[in-house]
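Multiple structures are listed underneath, in structure tokens.
Shared chain: chain A. Partners: chain B in the first complex, chain C in the second.
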Partner chain A sequence: MRTKSSVKSTLENYLFILPAVAIFAIFYIYPFYETFNLGLRAWDGVSPVKEFVGLSNFKELFLYDQFWWPSMWHAGYITLIALTLQNALALSLALACDRAIRLGKFYRLVFFIPPVLSEVVVGLVWKWIFEPNYGLLNHWLVVLGLDQLVRSWLSSPQTALTCVAIIHSWKGFGWGFIILLAGLQTIDRQLYEAARVDGANSWQRFWHVTIPLMIPVFVLVSILTILGTMQAFVLVLTMTGGSPSLGCSVPVTRILGSMRASLRFGYACAQGIIFGIILLIVSFIQIRVSRKMKQA
Partner chain B sequence: MRNLYYILIVSIIVGMWGCSQGPTTKADVIIWHWMTDRKPAFNDLAKKYKEETGVSVEFKLFAPSEIYSQKVRAATQAGTLPDIFGVLGEKKDFAIFVKAGHILNLSDEMQANNGEWKDRFFSKALIVNEFKRGNEYNAPPGIYGVPIDVMNIQMLYNKDLFKKAGLDPENPPDDFEEFIAAGIKLKEVGIQGLVSGWAEVWMIDCLASNFAFNLMGERKIMSTYKGEVPYTDPDWIRVFSLFKEMADKDILARGIVSMNNKDAEQNFANQRAAFAFNGSWCVNVYKGMNPDLNYDVMFVPKVDRGNQMLIWGGAGSSFMVNARSENKEKAVEFLKWLTGGPQQAYLAEATNNLPANRESLSQISPILSKFAQSMEYTTHPNIWPVHEKSQVIETFDLGIQSIILGTKTPQQVAQEVRQVKEREMDKERQRTLSRN
Partner chain C sequence: MMNKSSLIYRSRRFMGGFGVNLFLLIVTAACIFPLLWMFGSSLKTQTTVFSDMSVIPKELHWENYYHAWTEGNFGTYFLNSVIYTISVVIGIVLVSSLAAYAFSRLQFPGRNFFFYMFLAAMMIPLPGAFVPLYVLMEKIGLRNTPHGYVLCLINVGLSLSIFLLKTFFDKMPKDLEDAARIDGCSKLGIWWNVALPLARPALAVIVIFNSLNVWNEYILALILFDEAKYMPLQVGLSTFHGEFVTQYHLLMSGITITIIPIILVYIFMQKHIVKGLTAGAVVG
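And now, the complex of A and B:
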């Protein structure tokens, strides 16, 4: 039986979590509700009238939007490069810095410089390097006698997306490096010693000690990579303008295009919701797969 | 415990009080704009106006233009629009603001004293700011904006590079064939032909529209927008083919499809390309980038002798008065003063833009004069009686990019645009039916 004081105590507890609940409701639940609500309407962003159109925005997105699904594929391609190239680079550098090497702290600092640089600045600098007329890359290719490789790197559908993906990986590998290095440093050194005593070589120690213990960290890094890369757009915009004809559009540039160029805020909200759901599904699948891997 | 309650309540009140306090300012009239290059000139004029009238005016710059647009849209929702602001975008954007009651109808002010204010302006500059009775946006008729400058988009050519290629710098190409021939000659001596910011697809749309007006005339273009002529019509395929011809003859600058206009301007100013497709605002830009650039203006090369080639132009930048402003009378008075002869002449001189006030034309530079001479041949989507759907425009412009990149043929693009057009027409029909 509840006494008066226990009810009071419960109310007090609720009162203390009220600010957090209010902030969550105001900044997360309400915007999500509004986005979903707008996804069911035709709205230009200014008019007081928001015409209810049911699921027609979603229907158009799934059945008729010829640029949306290619943009998902483009983001997927950049993510694939990030998951492989970027994280492989991050892991190998983290393994190197985990050992007692000379200037280890200096390297840690250097590897973390690209992530802290402004994405717009990085995009513009690399755009200048890739510039077909006076860019550094083509200049050096000519100097080295590799004239046949000179091309308009960011103006060709064959190379533009790959260039963006590589620069994205260069820009982002520092985050993975720091997290993976932190993970490596939590592994008890005695386990390596024990494996060495049992006759394990360095590859076997890596495969049977490091990898299993690092799985939770790999999962974290890959989820962060997927979520971060699928939503990347600043580099895409600054380097290529995000043009679908160049094969460089990504979902966020399409959402921006719907809002800014076409003034279809309702449609943009529908795109945002579908994009969010896809990211959620990908994250759930990844968590389940990693759990199974861990159990195995 | 009781003290904790008091602290919590006081914190909430203080927090809410803090949130409710907007930025305070002492100026009588606040103006939001996006024109970075005009900031010092605007500030000088505001100072002069204060000296003359005692009314303080503050120009607040929000750049780049995308940020400005977002800020204005957010302000409409929050009810924090300034006394004077500009609307960037197409006429439909403008109509949305008018219909939502954010913009003051200036028709009476313009017509007062036998139309003294209205008569100052180029008619084409004013028409962009006007909604006629029965307009397709259902906006209430009236004049809603005050043009502060005018512009048009033409071709520029580099006289020094022309000489280098053995071309006559005083006789630029007049038609498309001559243009292609000049481009080939330039290429032979290692000079790139045309540069433009075609990553910004509206610029592709602009040149395509120039060609279309010349090839088929306004009536057929409007019939296409109404859905009466398909995009697979031979004239439209010819428009697409002109871009293919330029790409095939290699007279377009390398990387043109991913080039924004600022980069294109840099390429032309640094003499890396002989032709540029750009607006009259470029005079100021080139002056800043390369004051010694020896260039001139030429009309867009004609592709047909049948119809008049029309170029895009009209009001460059316009200001609107917030209909809900408490200071709207002061705002209107300031705009009247700003568009007066001396102020317009000062703006033209300081910013190298074409003045909206016709009487100030005598004081502009020779190159701007050449731009001004073509004002009578200008048109603009904002004054057309019918407008194309944004999805169709996007497919059209991106299709031209694909043609330039060689990934699609003119026929393929025409077919794709036609399909999107038919789908959009169907959607509109269904929507009309469901409303009825």
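And now, the complex of A and C:
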């Protein structure tokens, strides 16, 4: 009797997680499996036959795909700008607001507006500003007498990717700012006071107190920046169409192109797998490095 | 001598404070100005949007919003976005709180296994997951249907919500639940009547954070929907831009319609959004 009721009770408990597990199995685990399954096949997304081709998708990706590795470099370039420009901006703003400057709350509210907007919205608004003939940017350049700088920003290979990277940073810095500011505020004020008493100037206090204590936060922010930016693609897609000839393709736009433009579902899955593995390796290296730094 | 150096110190400090404030103001302007320009453009005409370079035009053409809403189809898109957001958020709250409650309070074999399964899903990147999802939805006949899209998005928000709620339940005192149990309340009754109301702070974060995500979702809507009548705002915007390349004034009205709810929710619920984003960041 007792065991019977406890079995019933355990089954009841499973009912609580059943909806979550069912949704997870259908919409996460199955697609995960399907990615690896399709990665080994050639399929156009329609025909009933999904021909098994072994590793040939991967072989093609590594040896013959002339667009894949450049797209990886483009994403890396955007990431590099996000890591330097965006995070430097975020850190300097966080430092400025940490010193209890008046209106600090107001700035926090404002800097977080771009992060809550969607990439489509941000991309379209800036595309309008960058518009070659009627856009605001070129208009201002003419007004300021800088006519030689006027150009079609988003349709020339020299500038398109950099413009996207800068707008990506515009959208993202507020987010780094919030995390860095939260980190700065956990630092004990007495440490600064003690350093001041010992005669450290503000630069020395920054270098010997703030920086060492902030390293874990820096590592966190840079891991998140790298993983987030490498996978970002909607902004590129909205602003430039992700065109390889403009130097604006990124891995995910290539995956999307393999699926929708070339109708090569198997190849798209193979690209997804390789890109996923690369991201895993990157985050693994970063975690290792940050552990080393903590020990040192 | 003393006075002079203190004067220098003071003026340096003043200049420093001035420089910092100037810097903050410039960045503030850089954040807000593009949105102001968008709003100004939405009030110009098809001609003046290309010629009038003033931020806020002299004549305000509010009828653009009417045209965007009706002819631009943004009314439909807006309604769709509202329906998707509400359905997905309700789904996430119910499904994730049930599971999180079980992970925190109930005993059953494999409890940790299932919980870590959800955690692992947050750690493993799956770029291009939209390809197999498209295949799956086609296979089970849910592609180009609203409920298919809603189910996909419930899954997207599930793991983080379960994690946040489980951590919250773990810290919650059990006294009230024990009292309810002694009063003969069923497990489901305790979840609904006791645990959920107590978890309101965590639920607020989950609701706001997921609403924002669903409202801004683009790629799944792009590949799952063929028909304009199902599309949410984000896809509507890119479709409109693709079809009417020169109608920037209506496009900007559409964008304004898209972001007004977000800005409002953001201003009133800033605390929850920031909490959600930082929590998501720390886990992910």
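Here, the second predicted complex is superposed on the first by the 265 of 296 C-alpha atoms of A that agree within 3 Å, B and C clash if a C-alpha of one lies under 4 Å from a C-alpha of the other, contacts with A are read in each partner's own complex, and residues count from 1 in each chain.
Heads up, the rule we're going with is that a residue touches a chain if its C-beta (ideal position, glycine included) is under 8 Å from a C-beta of that chain, and two chains touch if they have at least 3 such contacts.
Computed from a predicted structure; not experimentally measured.
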{"item": "Touched partner set for A:Y107, first chain B, second chain C, both or neither", "value": "second"}
{"item": "Contacts of A:Y134 with chain B and chain C, given as first, second, both or neither", "value": "both"}
{"item": "Contacts of A:Q185 with chain B and chain C, given as first, second, both or neither", "value": "neither"}
{"item": "Partner chain in contact with A:T84 - chain B first, chain C second, else both or neither", "value": "neither"}
{"item": "Chain B versus chain C as contact partner of A:R260, first or second or both or neither", "value": "both"}
{"item": "Of chain B and chain C, the chain that contacts the larger number of chain A residues", "value": "C"}
{"item": "First (chain B), second (chain C), both or neither touched by A:S155", "value": "first"}
{"item": "Which superposed partner A:N201 touches (first chain B, second chain C, both, neither)", "value": "neither"}
{"item": "First (chain B), second (chain C), both or neither touched by A:G45", "value": "both"}
{"item": "Set of chain A residues, in rising order, touched by both chain B and chain C", "value": "12, 45, 131, 133-134, 260"}
{"item": "Chain C residues within the chain A interface of the complex", "value": "17, 20-21, 23-24, 27-28, 30-32, 34-35, 37-38, 41, 49-51, 53, 94-96, 98-99, 101-103, 106-109, 114, 117-118, 121, 124-136, 151-152, 154-155, 158-159, 162, 187, 191, 212, 215-216, 218-219, 223, 234, 237-238, 241, 248, 251-252, 255, 258-259, 262-263, 266-267, 270, 273-274, 277-278, 281-282, 284"}
{"item": "Contact footprint of chain C on chain A as seen in their complex", "value": "10, 12-14, 16-17, 19-21, 23-24, 26-28, 30-32, 34-35, 38, 45, 89, 92-93, 96-97, 99, 101, 103, 107-121, 124-126, 128-129, 131, 133-134, 136, 139, 170, 174-175, 178-179, 182, 220, 224, 227, 231, 234, 238, 251-252, 255-256, 259-260, 265, 268-269, 271-272, 275-276, 279-280, 283"}
{"item": "Chain A - residues contacting chain B, complex", "value": "12, 15, 44-48, 64, 66-67, 131-134, 152, 154-157, 160, 239-241, 243-246, 257, 260-264"}
{"item": "Interface residues, chain B side, partner chain A - complex", "value": "1, 8, 66, 69, 73, 76, 89, 92-93, 96-97, 99-100, 102, 192, 199-201, 253-260, 263, 267, 272, 390-391, 394-395, 398-399, 401-402, 405, 407, 416, 420, 423"}
